[in-house]
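Quick heads-up: structures coming right below.
Okay, so chain A shows up in both of these, paired with chain B first and chain C after.
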Partner chain A sequence: MPNLKALRKRIATVRSTQQITRAMKMVAAAKLRRAQEAAERARPYAAKLAEMFEAVAAGVEPDTHPLLARREERRIDLVVVSSDRGLCGGYNSNLFRHLAKFVRERAGQELGLVVVGRKGFEYYRRRGTSIVSQQVGILTTPPATMAAALAAEVAGRFEREETDAVYLAYNRFRSAISQTPGVVPLLPVAPPAADERPVDYIFEPPRLELLGRLVPRYLEALVTQALLEAIASEHAARMTAMGNATTNATDMIGALTLSMNRARQATITKELMEVVGGAEALKG
Partner chain B sequence: MAEVLRLRVYTRERQLVDQDVREVTAPGVYGEIGVLPDHAALVTTLEPGVLSYKDTAGAVASVQVTGGFAEVRDNVMTVLADAGAAAAG
Partner chain C sequence: MANTLKLEIVTPDATVYSGDVHMVTLPAVEGQVGIYPRHVPLLTRIVPGEIIVRKNGDEQFLAVGEGVVEVTGDRVAIVTDMAVAVKDIDEARAEEARQRAAARLRDKISDEEVATVNASLARSLAQLRVKKRHRL
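Showing the complex of A and B:
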């Protein structure tokens, strides 16, 4: 027979945990909304920059800019955007599982990881994967600042030929209930196909110099968009996980309350029986 | 001949300007660039400075930019500022 007092204590524990998970869910929901808005606001800039890049880069040869240079992919860098904190369901593990597949497919290549987020760092350090660098504070650093640092780092490595290609892995934001891990190529930057009817632009400064300025900024914008999406995904994943935890706690409290009442009932019945039994015995 | 051109100014965080204007003056690499309606297609980098424009009513407004890029095409001027803020006046 479960002890009444222990059950009561257990219920109190679950209830206080539930209060925490419920609060975390609400906080994540509010942050998710803000993150979505930020991603939404940043989208036009990225889209226009891509258009401009296309206008300038359309039809240029890949060897005109170091970041466009295509080499045989013997060494690749992978930028992994994970979270600093847990309690976000499968957010990190889904990404790592997806990446394990990506890495298996490229078994012959030397892999270097640029890790964003403490979870990713701990995971890959444990597994002994070669980590080039790591960053924390995805939720506290302005995304544009972090993106600039990341873009500069991988661009530097690519230009020094320490890596032949750079990929970016993060959780894509599909909706508040669906985030899917994905890997996108980052470097070399793919020059767009030449336009059918090219617009006769005046370039100031000359085209190649302009391209030289545009490419790093374009790279930065790509990373920024990915970070913004990853942030939204993290909040969404945490919201879902904490929502589930809250529901589970409710179920658990229900089950525990039931067994507590049963135990209480049993105690009362037993005591009654004893009283009745005692009275019967006295009547003798 | 078009009377006005569309000016769109974006920063990484948000859109600053989206309106019809008569004239734009931007800090280009080789000095100030004046853009009027029906300007030739142009892509340029911007230096840090003030981008000013005259709206359809003739009032002048300006935006601070810290550098960036600008494209003019089909009477639309798109400015991508690295960072920017609406300046007074």
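Showing the complex of A and C:
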């Protein structure tokens, strides 16, 4: 028979855990909304830059800028955006699983990882994957600052030919209940297909100088956008995970309360029987 | 539509301006340029300075940072790292940022950092200059 006191203690524990998960869920929900707005606000900037990059780069040869140079992909870098903290459900493991597939498909290429987030660093260090560098503080550093640092780092490696291509892996934000891991090519920056109706712009300064200015900015905007989306995804994943935990705690409290009441009833019944039995015995 | 321009100013944080205007003046690398409707297609870089937006005889002033401008017949798109309307410029904060950047430049820092600090210095200077010019 389950013991009454232990059951009561257990219920109290579950209840206090539930308080924590509920609070975390609400915090994540509030942060999610802000993160979503930030991603929303940054979108026109990236879109406009892409448009201008297209206008400038349309038709230029890929070897006109070091970051556009296409080489045989013998060594690739992968920027992985994971979280610093856990309690966010499958946020990290989904991404790592997706990446395992990506890496398998590219067996034979030398891989270097640029890891954002403590979870990713710990995971890949354990598996002995070669890590080029790592950063923490995705939720505390301004995304633009972190993106600038990341972009400068991979651009430098690419220019020095320490890597032939750079990919960016993060959890894309689809909605508050759906985030899907994805990998996008970052470098070389893809020169867009030549426009069907090339507008004859006057370029000031000359086209190539302008291109030189635009490419790093464009790269930064791409990374910023990815970071903002990853942040929104992390909050969304945490919100869902903590919501589930809160529901599970409710179920658990229900089940425990039931067995506690049953145990209490059983004790009362037993005592009653003893009293009646005792009285019966005295009568006789 | 033929005598207005669709002006859009976007920064990494927000779309600062979006609307139809009659004329806009920009601090291009090669000097101040005025854009009227039906301007020839132009792609140019802008430097920290002042944007003047004219609409129905009304003038609006903004401080801008580094950026790129795309002009097509009836559209002007400005992508920049900073754009603040003159009424929103916080002089004290800009001054503080200017001093912080200037102080940082005196330290020993890497070339890359010099570039970023210089950019932020130029941004705060642009804000201060624009604010000063339009003080009543």
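Assume the second predicted complex is superposed on the first by the 284 of 284 C-alpha atoms of A that agree within 3 Å, B and C clash if a C-alpha of one lies under 4 Å from a C-alpha of the other, contacts with A are read in each partner's own complex, and residues count from 1 in each chain.
Simple rule for what comes next: a contact is a pair of C-beta atoms (placed from the backbone, for glycine too) under 8 Å apart; a residue touches a chain by one contact, two chains touch by 3 or more.
Small disclaimer: the values here were computed from a predicted structure and weren't measured.
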Joint occupancy of chain A by chain B and chain C, clash or fit: clash
Which of chain B and chain C A:H98 touches, first, second, both or neither: neither
Which superposed partner A:F203 touches (first chain B, second chain C, both, neither): both
First, second, both or neither for A:R75, with chain B first and chain C second: neither
Partner chain in contact with A:A152 - chain B first, chain C second, else both or neither: second
Which of chain B and chain C A:R22 touches, first, second, both or neither: neither
Residues of chain A at both interfaces, chain B in one complex, chain C in the other: 41-42, 44-45, 48-49, 51-52, 55-56, 144, 199-205, 210, 213-214, 217, 221, 224
Touching residues (chain side chain C, partner chain A) in the complex: 8, 10-15, 28-30, 40-45, 68, 70, 72, 77, 79, 112, 116
Residues of chain A touching chain B in the complex: 38, 41-42, 44-45, 48-49, 51-52, 55-56, 144, 199-205, 210, 213-214, 217, 221, 224
Footprint of chain C on chain A - complex, ascending: 41-42, 44-45, 48-49, 51-52, 55-56, 144, 148, 152, 199-205, 210, 213-214, 217, 221, 224
List of chain B residues in touch with chain A within their complex: 8, 10-15, 28-30, 33, 40-45, 69, 71, 73, 78, 80, 82
